[in-house]
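Some structures to go through are shown next.
Note that subunit A is present in both complexes that follow, paired respectively with subunit B and with subunit C.
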Partner chain A sequence: MSNHQKALEALTAIHGVRGAMIATGDDGIVVAEAVMEDVDGGALAALASSLSHRLEAAAAAAGGGRPGFLHLQATAGALLVCPAGPGLLLVVIAERGVNVGRARLEMARVAEIIT
Partner chain B sequence: MRSVEPWVVAPLEGFLGESSARLVLIMTSAGQVIAQHGFTRALDVMSAAALGAGIMASAQELARVITWPAFTTVVHQGTRQGHFLARFETPRGVMIGLVVFGSETSLGLVQLFFNQLVLDLKHAAPAEKQPPQVLPADFEKELNASLRTLFGR
Partner chain C sequence: MSDDIRTLTAELAADPRSLVFLELGEALRQAGRLEPAAKVVVQGLTRYPDLPEGHDLYARILADQGDLEGAFDEWDMTLRLDSTHPGAHKGLGFLFFKADDLHSALRHLETAATHRPDDKQLAGVIARVRARLQEAQAVDTAAPVDPLVITPASSVVSFPASESKAESASPESVGEPAPNPLEDDGLLLVDAAGLRLLGAMKGAGGSETADRVAAELAGVSKEAGRAVRLLQLGEWQSLALEASGAHFFLVPPTPETMLLAIRDPAVPMARVALGAARALEAARRWLERGS
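Take a look at the complex of A and B:
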C-alpha cells in the first residue's frame, strides 16, 4: 500500500466519511483514492478541483488570498477540500452527521504528510 | 457548432455547454469529419482530423505491438492548452473525438463530460447503415457538400 493510500485510510476511518482522495489541483485527475463503491472518483476529483479553482478566483478577486480550506455543506452531506502540497488537493466527502472538526484536523495532518 | 449528422448535434451541444472546450472535432476512425465546433477554416479542420485519426491509429498499433489492450485516450497537456483525443464505439461505428481546452476548464472536467458525450451519442445514434457508394465522379460534390455543412458556406 502506498503512503498516499495509507494517509487516506486514516481519513476514511472517521465515522461518516464516505471517501477521501488526492487529486491534481489543475487537472482534476485522481492521484490516489479510497472511496465507497457508489462514489464516482473521477467525477469527484474533476468537480472538486473545478469548484476549488473558482473559489480561489473569487477569493483572490475579493482580496482574500488563497483559501486554506473549503467546506461545502449540502443537505445530504459535506464536501471538504484543502491544498495538500504543490499542485495537489485533498478531497473528502462525508455524510451530514460527520464530525467536521475531527475530519478537518485529520485532513490537515494528512496534507502535511503528503507535502 | 456544425454537424453533417443531425443526431450528433444535441449531445455535442450538451458537452460544449458543460466542458467549456474551445475546439471540438468528432470524426470517424478514417478521419472523416462528422461534426466540429470552433474551427473557422476548412483546411484546419481537415488537417486536425487527419492528424487525430493518425495519432489514434499509431496508438492502436503501438498497443498491438506491445500486446496491450487498445489505448482509448491520448492527452497532450501544454502550458496554455491541452488536447484530449479519444476513440469510442457507437452503433454507427468507431469514432474519434478531439477536444482542445484551455485554463478555463480542466482535463478532469473534459474527461468527465466526454464520457457523458459518448453515452449520449450511443443513445442518439441510429442503427448502422451501409453508406452509399461514392463514385469518383461524385467525390468532389460529396466533399463540397460536407464542407458547406461544416462551415456554412
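Take a look at the complex of A and C:
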C-alpha cells in the first residue's frame, strides 16, 4: 500500500466519511483514491478541482488571499476539500452526520504528510 | 459545597475517565458555579470529544455566562454529532430567536418539541415565535420597498472583524427592534447571471470589486449544484471557504441567487455562518418584496 493510500485510509476510518482522494488541482485527475463503489472518483476529482478553481477566483477578486479549507454542505452530506501541497487537492465526501471538525483536523494532518 | 457536588467530585477524582463529569458539571451549573462547571466539562470533553451531551452541557454553561457565540459553536458541534439532539435544537432555537431570525428559530424549536412534547417552556417560546412571525409578515406587507445599500468598511481590503449586529444580539436585546441584517459590511447578494443585487466591496487602492466578485460567484453556484447532484448529496445549503485573508460563507436565498458573507479570518466560521443565516432570511424577504 502506498503512503498516499495509507493516508487516505486514516480519513475513511472516520465515521460518516464515504470516501477520500488526492487529485491534481489543475485538471482534477485522480492521484490516489479510497472511495466507496457508489462514488464516481473521476467525476468527484473533476468537480472538486473545478469548484476549487471557481472559489479561488472569487476569493482573489475579493482580495481574500490564498484559499484553504472548503466545506460544501448539502442536505444529504458534505464535500470537503483542502490544498495538499503544490498542485494537489485532498478531497473528502461525507454523510450528513459526519464530525466535520474531526475530518478537518485529519485532513490537515494528511495534507501535511502528502506535502 | 453541597453534598451532591462533593460526592460527584470525589467520584470523578477516583475515576477521571468516568462520565460522572456530566452530572458534576450540571450540578455546578445549577448551583451557579459556572467557572468550575466549565472547567469540569472542558476536561471531560478532552477525553470524550465526540460526546453530544458534553457539548450540549458546555453550550448551556457558555450561554449562562453570556458567551452566545461560544454556545452557538458548541450546539452546532452537538448537532454534527447527533443531528436530532433536542437540547441543541432548543438552544439554537433560543439563539436564533434572540438574533431575530424567526424562521430558523421556529425550525429548531419545533424539532426540539417533537422530542420534548411535555416541555411547557418550549411550547411557550414556539407560540411567541409564531406570533412574532405573523406580526413581521403583516409589517412586510404594509412596508414600502427600501433601497438597501451596503457600504464598505474602508477603502482597503479589510473584512469585518467584529461581530455583525445579528451575531452580537444579547439576552437583554430580546424585545427591541432588530437591526436590519442586510445593512452590514461584508455582505453581497448576487443573481444567477453574476450580477450584483445588493452590497458593495472595495479592493486595494479603493477600486470597486463587488461586480467582479459577483461575476465569479455565478460560476460557484452552478458548480456547487452540479457537484451535489452528481454525488447524490441532495440540495446544496452552504459553502464555506477559509482563505488566508478572509472567511467566506455562501448561502442560496433562492435557487437563482446567492448571498456571500465575508469576515476577517479571526472570526470563527460558525459565527460567520450564524450571521449569514440571519441575513439569508432578510434577503429572502427583500427579494420577495422587490419582485
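By our rule, the second predicted complex is superposed on the first by the 115 of 115 C-alpha atoms of A that agree within 3 Å, B and C clash if a C-alpha of one lies under 4 Å from a C-alpha of the other, contacts with A are read in each partner's own complex, and residues count from 1 in each chain.
The rule is simple: a contact is a pair of C-beta atoms (placed from the backbone, for glycine too) under 8 Å apart; a residue touches a chain by one contact, two chains touch by 3 or more.
Just so we're clear, the structure is a prediction, and the values are computed from it rather than from any experiment.
Undergrad: Quick one: on subunit A, after the overlay, do subunit B and subunit C clash, or do they fit? Just give me the call.
TA: Once subunit A is superposed (C-alpha atoms), there is room for both subunit B and subunit C without a clash.
Undergrad: For A:I93, using the defined touch cut-off, is the partner it touches subunit B, subunit C, both, or neither? Pick first, second, both or neither.
TA: In the superposed model, A:I93 contacts subunit C only, not subunit B.
Undergrad: Tell me the contact category for A:V17 with respect to subunit B and subunit C: first, second, both or neither.
TA: neither
Undergrad: When the two structures are overlaid on chain A, which partner does A:D26 contact: first (subunit B), second (subunit C), both, or neither?
TA: first
Undergrad: Taking the superposition on A as described, I'd like to know which of subunit B and subunit C A:H71 touches: first, second, both or neither.
TA: second
Undergrad: Of subunit B and subunit C, which one touches more residues of subunit A?
TA: C
Undergrad: On the A-aligned overlay, A:G42 touches which partner chain: subunit B = first, subunit C = second, or both, or neither?
TA: first
Undergrad: According to the stated criteria, A:S50 is in contact with first (subunit B), second (subunit C), both, or neither; which is it?
TA: A:S50 contacts both subunit B and subunit C.
Undergrad: Is A:L79 touching the first partner subunit B, the second partner subunit C, both, or neither of them?
TA: In the superposition, A:L79 contacts subunit C only.
Undergrad: Looking at the superposed set of three chains, what is the minimum CA distance between subunit B and subunit C in Å?
TA: Minimum over all C-alpha pairs: 10 Å.
Undergrad: Both subunit B and subunit C touch subunit A; at which residues?
TA: Of subunit A, residues 43, 47, 50 contact subunit B in one complex and subunit C in the other.
Undergrad: Which positions of subunit B touch subunit A when the two form their complex?
TA: 77, 105-109, 111-112
Undergrad: Taking the touch rule as given, give the residues of subunit C at its contact with subunit A in the complex, in rising order.
TA: Residues 49-50, 77, 80-83, 157, 159, 201, 203-204, 209, 212-213, 215-217, 219-220, 223-224, 226-228, 230-246, 248, 260, 262 of subunit C touch subunit A in their complex.
Undergrad: What part of subunit A is in contact with subunit C in the complex they form?
TA: Within the complex, subunit A touches subunit C at residues 38-40, 43-44, 47-48, 50-51, 54-55, 57-59, 61-79, 93, 96-102.
Undergrad: Touching subunit B in the complex: which residues of subunit A?
TA: The touching residues are 23-24, 26-29, 42-43, 45-47, 49-50, 53.
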